[in-house]
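Several structures are given next for inspection.
Each of the next two complexes has subunit A plus one other chain: subunit B in the first, subunit C in the second.
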Partner chain A sequence: MLHIVNKSPFERNSLETCLSLAMDNSTILLIEDAVYAAMQGGKFSDKMASAAEQCSVYVLAPDLQARGMPDEKIISGIKTVDYSGFVDLVADNKNVQSWL
Partner chain B sequence: MTDEAMMDDEMDGEEGVIKKFLYVNRKAPYGTIYALESLEVVLIATAFDQDVSLVFIDDGVYQLIKGQNTEGIGVKNFSPTYRALEMYDVEKLYVSKDSMAERGLTEDDLIVPVEVLDNDQMKTLMEEQDVILSF
Partner chain C sequence: MKFAIQVNEGPYQHQSADTAYQFTKAVLEKGHEVFRVFFYHDGVNNGTRLGIPPQDDRNITKQWTALAEEYDLDLVVCVAAAQRRGLLDENEARRAGKDADNIADKFRISGLGQLIEAGIQADRLVVFGD
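So, the complex of A and B:
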């Protein structure tokens, strides 16, 4: 299962609900305002770091760059993907759940 | 009303009162249109010579992050506009200390000089205003 989250964790609880309901070994992709959750030093960083141990966590690079979030501050264990990587994730997973 | 009285009325209107306007920004850029719209309204308001302040709270602090590059998402990068505000005499930019800390951000991460306010200072600033516009 691929879980897609697009809202800032500071503004909505969709990421937290996703994390609490995602199976181990599932895949989580952070896009749009959810990319802030991939950054070190924030309120959700510890939670995301442990999520990255249970699941495969990806973040969409163009959305990071748009928001001025530098690669070197991404939580370790979280991988970046570009748009074609996004497509691969969708194609490789049996189903997709979007947490709006 | 006599012509003279009408003219007096118009004169009063033109003199105008300077009010304190506060723009409260609480949304991250790009994910929604709020940040850009706020900036547009601020720029329009500069034409009316009012006493303008901007505050950035919650995800609004992300609007001021350095190094934004929107080529990949095909949207206009409006962050350089914050640096141009000074030319329109908009010089009072405030950010919330708590909002910065929650996000692991420091003043060095920001594109413009700001004043960092704690919640007590923020309360006082808001209380002093004549008009508050939220985005």
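So, the complex of A and C:
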């Protein structure tokens, strides 16, 4: 299952709710302001690092770039995808949940 | 694979209207099919042709119209959400006694059944919103 999160964890609790309910081995994609959760050294970085061990965590690269966030600052274990990769993630997962 | 897209957010609000467009474009460029794009809630505001964004900014409505022309997309605006927000086609304007309509090219107004049908017919339904 693919979980799509689009809000910063500093703004809303949708990412935390998603992490608490996502099953192991599911896939999580961070887009829009949720890409802030992929950065090292933040309040949520420990939680994200452990999520990346249990699930496949991806972040949308164009949204990182739009916010001036360099690739080397991404928490290790989190992978980047472009829009084409986003489409592949949706195609590869039978269920897609947007955490709005 | 058949995709359906639901857009719940208006243009220029946060980012979801843009993400929905970029995602839909990527789906089509990869050779997948888009069964329908359904505009719901504030998302109906993506379908007004009267918006005039600054010339150096993207025109989200025109982007959708151009994509629909290129790929023969079905862009459907929810009728109840549209009426509340003053998004009208010629028929709706006449029926409600309004002096103008404002729907953009390639968009059409229809009911929620179109969303349900898209959910059934498509292999994936992806929701973009606030």
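Just so it is clear, the second predicted complex is superposed on the first by the 100 of 100 C-alpha atoms of A that agree within 3 Å, B and C clash if a C-alpha of one lies under 4 Å from a C-alpha of the other, contacts with A are read in each partner's own complex, and residues count from 1 in each chain.
FYI, a residue touches a chain if its C-beta (ideal position, glycine included) is under 8 Å from a C-beta of that chain, and two chains touch if they have at least 3 such contacts.
Please read all numbers here as calculations on a predicted model, not as lab measurements.
Of the two partner chains placed by superposition, only subunit C is touched by A:Phe86; subunit B is not. Of the two partner chains placed by superposition, only subunit B is touched by A:Lys43; subunit C is not.
Residue by residue along subunit A, subunit B and subunit C are tallied for touches, and B comes out ahead. Touch criterion met: A:Arg67 reaches subunit B, while subunit C stays clear of it.
In the superposition on chain A, contact is made by A:Asn6 with both subunit B and subunit C. The residues of subunit A shared by its contacts with subunit B and with subunit C are 6, 32-33, 62-63.
Looking at the complex, you find that subunit A touches subunit C at residues 4, 6, 31-33, 62-63, 83-84, 86-88, 90-91, 96, 98, 100. Residue ranges of subunit C in contact with subunit A, taken from their complex: 1, 3, 8, 14-16, 19, 22-23, 25-27, 29-30, 32, 124-130. Contacts from subunit B toward subunit A in the complex involve residues 27-32, 58-59, 62, 65-73, 75, 77, 79, 102-105. Across the complex, subunit B is touched by residues 6-8, 10-11, 32-33, 36, 39-43, 45, 61-63, 65-70, 82 of subunit A.
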